[in-house]
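The chains carry the letters A, B and C, assigned in the order they are written, with residues numbered from 1 in each.
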Amino acid sequence: MKFKLQNIAMVAGIALAAMSAPALAGSIKIGFNVPLTGFAAADGNSALVGAQLAVEQVNAAGGINGDMLELVVYDDQASPKESAPLAVKLITRDEVVAGISGSYSGATRAAATIYQEEATPYIAAYAVHPDITRAGDYVFRTSFMGEVQGRAGAKLIGAMMGLKRVVMITLNNDFGKSLAAGFKARAASFGIEIVAEYEYSIKDREFGPIVSKVRADAPEAIYASGYFFTAGPLVRQLRAAGIEAPVIGQEGYDTQKFIEIAGPAAEGVIITTSLDRDSSDPVTQAFIAGFEAKAGYPADMVGASAHTAVLVMAEALRAAGGGGKAALRDAIAATSLDASTGHISFNGLGEVRKDVQVQIVKDGNWRHYAVISDAALLAPPEE
Amino acid sequence: MAYEIVLLTTMSIAILFALSLNVITGFCGQVSLGHAAFFGIGAYTAALLTKAGVPLALALLPAAAMAGAVGLLVGMASLRVRHDFLAITTMGVTFLFVGFVRKQDALGGEVGISGIPQAAFGRPGLLLLAIVCTVLFVLVALHIRRSWMGFAFDSIADDEDTARILGIDVKRFKLWAFVIGTAGAGVAGGLYAHHIRFIGPDSFGFVESVTVLAMVIIGGIGSIWGVALAAGLLSVMPLWFQFVDDYKLLLYGLLIFAAMRFAPDGIAGLARRIAARIALWRLPR
Amino acid sequence: MLFLDLTVQGLVQGAIYALIALGLTLVYGLLRILHVAHAALFTLGAYLGVIVTNQTGSFALALAVAMVVVGVIGVGVYRFAYKPLLDQPPLVALIASIGLFIASEEIFRLVFGPYGLSFTDPPLQTQVEILPGIFLSHARLMVVGIAVVFLGLLGWLSASTRTGIAWRATVADPDMARSFGIDVERVRYLNFFIGSALAAAAGVMVALLNNLVEPTMGAVPAYKALAIIVLGGLGSVRGTLVASLALGVIEAFGTIYIGHLLDRDAIAFAFLIIVLMVRPQGILARG
């Protein structure tokens, strides 16, 4: 049975090779797991558009040393239960040379174990789980760890804005918890006094009780973690209750949809993120224009992160030049590239080193506010 | 082969999980909307043990014991509340379990547990272990069916008050159903933790509880092979449905609805009706 | 002060719960079905509310359209999904309902997009000082207002009209009611229409409070409303009201004072389990 299958595969392989021989370019397959159905479909959609845009740009510019890049896309519903089997399928059935995660933390963490064991490089585009890169030396991340971004938030509030009495509103998941941990670790060193911390679930859209309590606390600033679908209603309700203190958020806010939900209340909200809308960098500008044309809505952090991950992978494929998966891993580790989310390089663990962009909502759009490029503060863990 | 092994392991774990609920809901008639909590208890127990160096096959025993012990507690609640009240109480157990785990740093909190070691002999080894556990549980279920306990379960499922009048110790048998069922779920959870090798609070929520109940009902409540078939099919359906991509979950939902609408007694009932029709058709005219 | 503020916030949330859970308890009272897909009707109402308001600029019209359309669809759900299953064990209808709910979330995503919708110019956002130092937006006041008006109407309907009497008779004993010449089927249609319309009203109001309608916004009401009707004693309208308000207030205080120990859902279900262990038939048993 096995023998027969092998024969068929061999014949098919020869036939395929014969058919594709006249064509000039081969294709290089990259696996892409992304939530396209279920609760995370909104982010999954942006991630897919960002990744596809990057593939189009790479191929239009001549591909990888003449070969065309091809994404093999599977829907993982942002669930580890789906992503782990799909990782096995991508590596053993589709025979991808590498994988990229356009998915959330749990799904990415489960897939990372498998990529590591199959010695296949894997880049997490925007998943924040602290243990993802700890799966091993084949796993990388092109976005900030929550803790790094939390530290940047502390510097932003305490040193750059000079505000000291802070209330934290923390999202109850790995994203919110790691942000809070980073923020608390550095708060004191920037003179911040944490007045109180309230937690909420990702399912909450109604924050009446927390808003009441925050008003009683009368803080100078509010450090609130969340995604656009929780932060939009939260900011709206804070402002509606007459709370004027600045709200500082993170990359989870980073989409036009946040401004649409919060409306006028969004004005003046400041976030730490990866994408600078007012960047003069040509790669970033080409991404912002290309994304809006392809997606039909303005660029967001998730799209930019997936775009960056594909560009990093493409650059490494070029450098490795068909030298196998281990060579590809080494090429990724040695990355030094200007991508849509800034200059990318990796530390020993596979965590990205790049500047934190600070954006503010002005006249209904995300705009440049500042850049934090404090290498010591932003250093991701080495192990 | 690797992918087929993964799919078979997924199916085997789902079958064991669904059959364990089938003992509680199918045999004994106690509806549980919180079975994922026990799956989770088993997963956490086994993961913590194997991370500490215990071999998986051994770690499954404490996983079963832990889940069974909590199952006994919930079973006691079933003595107090009945029918739909019980369904919603067990649903609450899932939310309490997830809410509790979220805040426990020892259990990884929101971040969960990653780096769970591989089973001995890798993926084929895990598949073999899963099949052994599932087969053992099927034997237990078959044995229960044929024993006095099975009769007692039946009569409780049928009418609790009548069963009591008949002199059946309703309390004792209800507790047994919960302990056997939840311990089975604990084993399934322990296997799951070493299959996906990452667990977090979101892996054991209400949706999982509903999914496993759907497997039991669609299979045909109480039927061992019907439930096993439904669990095997439904568990890998999202993976098979990749080609319909955008419509995957829509199709899944509609299929569950259609199954109930057109075969309310499940796969087992449908098969019975078809068999009856064939038998009728074969009669000499 | 804070105490009063939290209580008010909890009561507003409780009013929303009441609007959603009431339809569910009516269905349960009549048919003994745990109607999970009720939450899909809530979501549909929210979508219709936003779309009609954005198209016509009239929020009142949007509310009316959402209630009527969703009411009719609710009747359709009964006719085509539940009616054929009435002779089956209640679990069958429950699973069918869950299947419908999963499918409907996906339909919302496919039709209206994964990002959700918002009002272009959300109405009723100004603040009013209802008590010294306690502010509520007009939208929140309207939530309470709608809950009071519709629940009052429902109370009057069931107590003082012929339809209401037919309804109560059907709930008490369908066969007996039929033998007295009551059109049981008509009562059920009416029941689904009213319950679904109330869910739609709740959906529109939640859309207004959050300015966001998402495909998955029914996920929380889908299970929390079940908890509420059980807490209220399954099928008891008054019990459901009490349970809704109690849960709203308990969640409000719980979020602030024990939020670091248990999340909102866990608080709600801990409360449910404690109550059921003491009173296995819920706060107010049917009677």
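The rule is short, and it goes like this: a contact is a pair of C-beta atoms (placed from the backbone, for glycine too) under 8 Å apart; a residue touches a chain by one contact, two chains touch by 3 or more.
Keep in mind it's a predicted model, so treat the numbers as computed, not measured.
If you compare A-C with B-C, the chain pair joined by more contacting C-beta pairs is B-C. Comparing the centres of all chains, each the average of its CA atoms, the largest separation from chain C belongs to A. In terms of their C-alpha centroids, the spacing between chain A and chain C amounts to 37 Å. Averaged C-alpha coordinates give centres for chain B and chain C that are 31 Å from one another. Within chain C, the positions touching two or more other chains are listed as 106, 260, 263, 265. Among the residues of chain A, those in touch with two or more other chains are 37, 172. For chain B, residues touching at least two other chains, in rising order: 102, 246, 249-250. Only residues 36-38, 73-75, 77, 79-82, 84-86, 88-89, 91-93, 106, 109-110, 113, 117, 129-131, 134-135, 172-174, 176-178 of chain A touch chain B when the two sit together in their complex.
On chain C, the positions that touch chain B within their shared complex are 28, 32, 34, 81, 84-85, 88-93, 95-96, 98-107, 110, 223, 226-227, 230, 234, 260-263, 265-270, 272-273, 276-277, 280-282.
Interface residues of chain A, counted against chain C in their complex, comprise 37, 39, 41-42, 44-45, 172, 197-201, 203-206, 208-213, 215-216, 229, 232-233, 236-237, 240-242, 257, 260-263, 297.
Listing the residues of chain B that touch chain C in their complex gives 25, 31, 77, 80-82, 84-85, 87-89, 91-93, 95-96, 98-100, 102-103, 206, 210, 213-214, 217-218, 221, 246-247, 249-250, 252-261, 264-265.
Per the touch definition, chain B reaches chain A in the complex via residues 1-3, 6-7, 10, 102, 109-112, 114-115, 118, 195-200, 202-203, 238-239, 242, 245-246, 248-250.
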